[in-house]
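Input: one structure, supplied below.
The chains carry the letters A, B, C, D and E, assigned in the order they are written, with residues numbered from 1 in each.
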């Protein structure tokens, strides 16, 4: 399903009764099954954009569509992974990850089974009964990733899903993501600060300007698929990386 | 002041009455004025180590010393920046950053003055009256960094201080850190997942194994100082980066 | 089922009602009576609005409530003597009420029978409230008097003095070894507790009022005449009454004896003497604490007993009205006092 | 509506616009209540003996105001509350804080604390009068006793809910105990403590009045009993409405503090 | 000590070890209290008129148990409470939840709610009896009224404190209102709501007893007045201790639920 952003803009009320323009106006489409990476300076409105697409935030101007449907509330096909892990502190890892299944009405034994099968891929086996406060930063993030994976959405909104992870785990999980996507094609919007990661994963990278974020570069990544880690040494990869880096560096003040 | 870790180990109580070995036993020294980077897989005990050094966590075995003093409670010379921003939700950005000064008894006008001078370097000007819930992920992290800077500690413990920041901001702030350190020499222990960043900043990089974290590589970074961003293209830099990456990749399972 | 609203809580002082139920006086008059206990103002209001047909309140409540638009009529005087008294240490000389001047006197609060009683006592001695030190001590007179926090206190003549006396005798009442009473009734005849009905009942079913007055009269006389039986009848209703097996057995025997004695139609004095004799006998066998409630019953009987039960006279109503006026409690609609009560219904019953 | 509210980014707006309305709405409620009351008495749904018409109560109010009765009695009760409320609340805060820090204390103290809370005053009235006399001090005690408990339990929960991460932060800053309390624990626990205060504040009136029932020469408790015993129902209503007004003022005061202090919570919802 | 506790990583330990001790400590307190009480009466520090010796109270207890008096009256009061407590608590939960969702409601309802909380029962006793009669139902009402408020205010604060981020999560999962309540709002607000319940549970006894004071034939309230009027101080003590025991049981019940439900909070401190 295509996502369309039309003259979309968000402002937040700021102290003193003024408005803080946080994003846009911004207009672009995300094609069906596209893997889009969003990069841009901290505070430029990336999370804001993700929240609008998730139907959690009403834009101040313009609108976003999923297919033909106006996104004015969370749509069932769309799943979001928040920038912070956003786990429920009173639930164990197991029950946190199983939450989407629980809400969908899946029986307890079945959802526990499903989660337990997922845990090794997340390197979380052995921690199903731990509470979020007992996890390391990266472990919490991996649990949150597990929660999205279980939703099996058509459209994934991932806000810095690998931010707290070391290079190895990051690589493992992003390749896992590609693998998942290969089995059944999905639309993915991923926010990241890691340019190589963006190039390795994306079909297309959109670079946002400083707040309020506007599109300053829209770069198609035409590397062949399937992708693998060793690609980062290929000249084409390096060229694309450089192109993205340059458009970001143009923002240097 | 030298930090010494002697056969230091930490276990956490785990569900079911068992113990979860999280770190060590680990033994090494951190020289006075050294810039040490800690890298290692997610969940290997990096944050745990930082918390022990901060005097917030009693090790289960062994001990840590700062100079000759056993670290059994927070020492005044040591400041910690947590992995999550850890801001007080009821305080504005201004008052969150000013907290260390407030606790030290600095008068309100003076501490506000000090914070306001710091805000531009953090790219947070204009947000002094915002509450943490109104900040983006990266902005919150920058506020937390500001809070440590104001403490002017002899020993800095930084747990992924730039994790949520884009490449540009990251670069700016890490160079700012180097500059600060050049004016008055300080000991810095920094946890990061970014190998280039570690090589660019550190005098020495310690690579930890999977949980429970043990030292698997201890690499001196003898690049000349002052360092600058362009160094990343120098062959010596690339060699060191590769060395660190290889020792991490040896952990691949 | 006919509700009679009583005040306070189940207590041996309501023995005539228990007797009336247990010995069929109410049933004979065609009533299946149930008892409810409420605060006095509630009893009066519920009768006034017709939620219940019968209630027991004190006469002053009738005057006060009528002065504020409640049309209730008092048809049977239950207590012939105003039950309130001033209690004080026997060591204190109060032979002349004038000597109250300057003393600290405890009352529950500036409301109710105790306050009316105090006002009457003071005015009969030519004093006013400002001549003494009034202390509002709630219903804690026994403790407060024993511990010397007041010099005297207004109490119910049938209960507290007995309790204080028993304690004093046991050496449990501070410096006080004995107490004396000055009853309000000894100074002025004030109208006391009695049966009230609403105006609408008198209009619609005057006969039932008469039957109820008659039944109560019979039950009351029975309670007066045979206190042992009355106490036994109360046991079912008042579960805090001492009910040891030997006490109950003794009272059963006494009740039988009294019934035979009554068959000879003794006069009031003879019956009173038989009560005193019974108490004397029991006192030799039982601990005072076991007998206290029986003694309360006997004390109360003294307040009930008269040649003719149930009648109140206009003078006692007028005396009460004057007291209330003195207290500044009267509302604005005070009509003819003669409308407040009626003795007509007592005549309907038989003894 | 509710959905709209939470999806709109302009979160602070409804508060800003609604302030006037919100401030007036309790008055509107009171007006509606008075109207309903008027109709009930006008149509004689309930006997006027039990519920007097508003006009009559107003008249009674005017009289009680004019002759100073109301002021005198309300003054007494207010005076008792103004000592008892802070007393009970501070003890509740102090013990609650101690219990939050040392959970064993809760177990040790619970029998005593619950006994205080669950014993009706009649039962210890004689003790109260003998120890504190018939003056205001016994009412200060009854107020403090009734007010103590809600503050206590909410303080415990509030302080226990303080983020352990922020505790670590304060410790790493070498903050003193007092600073930890003042700058972390208090602001963090405040929403919950204020909820306890709301309960305490409204119970304070009952505490003083019930204390007066035991034995007192003046106060709203005395006035209500005296009016009741004189069958002066309008005056009973005047007295009760005065109590409610006092309780409502205290409640509103706490609500105002809550509103001011919790800007951040409103802004971030 | 406190410092040690929070710096040690073995956080769960003290709880595990301390359980037995903790469970026993209220008993220890009761024992100490009885000893102190014994000494007070033994050394005649306070007149026996006011405080009877424990032995005498025990005797009175034995008698009241043997002849069934205590069981009967306690049964009545318990019955009233067991209806009034859940009734008041559920209304408090429901209205509290509604207010948390629509803050305007708090302003609209506050006069009514506070009036309920601050009006002494004597004032509305006649209405209460006219509407509910003199049977147990009027005491169910007084219990419900007194129990309602603490649950209400704590529910409001608890629900308002729910993380807006987690709300977003639940909405993005297309959770139903009921699921949001059941899986997010309730567990998140539970610590605060349970604190409200602690207050409510211990007030429930007072609510029933005070209702009995208005007019009743049986119940602990009647028993305590009856004992008072017969100057049977030991029986007064027996009755009051029974009330305290009931309140303490309810309090402990809530505390137990709290303890079970808040494992996560203990583990992460």
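Note that in this section contacts are C-beta pairs under 8 Å (C-beta built on N, C-alpha and C of every residue); 3 or more make two chains touch, one makes a residue touch a chain.
Fair warning: this is a prediction, and the values are worked out from it, not measured in the lab.
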| Any chains in contact with both subunit A and subunit D? | B, E
| Any chain that touches subunit D and subunit C | E
| subunit D reached from subunit B - shortest hop count over touching chains | 1
| field | Inter-chain pair with the most contacting C-beta pairs | value | D-E
| So what's the Cα centroid distance for subunit B and subunit C, whole Å? | 86
| Intercentroid distance (Cα basis), subunit E paired with subunit A, Å | 48
| Approximately how many whole Å separate the CA-defined centres of subunit A and subunit B? | 26
| query | Which integer distance in Å separates the CA centroid of subunit C from that of subunit E? | reply | 39
| Sequence positions of subunit B contacting 2 or more other chains | 12, 55-56, 73, 84, 133-134
| field | Touching two or more other chains - residues of subunit E | value | 49-50, 122, 126, 130, 164, 171, 225, 228, 265, 268
| message | I need the residues of subunit C touching at least two other chains; which ones are they? | response | 41, 45, 49, 139, 143, 147
| Residue ranges of subunit A in contact with subunit B within the complex | 12, 14-16, 39-43, 46-47, 83-84, 123, 129-130, 134-139, 142, 160, 163-170, 193, 195, 245, 248-249, 251-252
| note | Within their complex, subunit C touches subunit D through residues 40-41, 44-45, 48-49, 61, 64-65, 67-70, 108-112, 134-140, 143-144, 147, 149, 329, 331
| query | In the complex formed with subunit E, which residues of subunit A make contact? | reply | 51, 54-56, 73-74, 76, 78-80, 82, 84, 86, 88-91, 99-100, 102-103, 131-134, 151
| query | For subunit D, which residues count as touching subunit E in their complex? | reply | 2, 6, 18, 21-23, 25-26, 28-30, 33, 46, 50-51, 101-104, 106-112, 114-115, 117-120, 122-124, 126-127, 130, 149-150, 153-154, 156-157, 160-161, 164, 167, 171, 191-192, 194-196, 198-199, 202-203, 205-206, 209-210, 213, 221, 224-225, 228, 236, 239-240, 243-244, 246-248, 251-252, 255, 265, 268-269
| field | In the complex, subunit C residues that touch subunit E | value | 8-11, 35-39, 41-42, 45-46, 49, 51, 139, 142-143, 146-147, 159, 163, 167, 172-174, 238-240, 243, 292-293
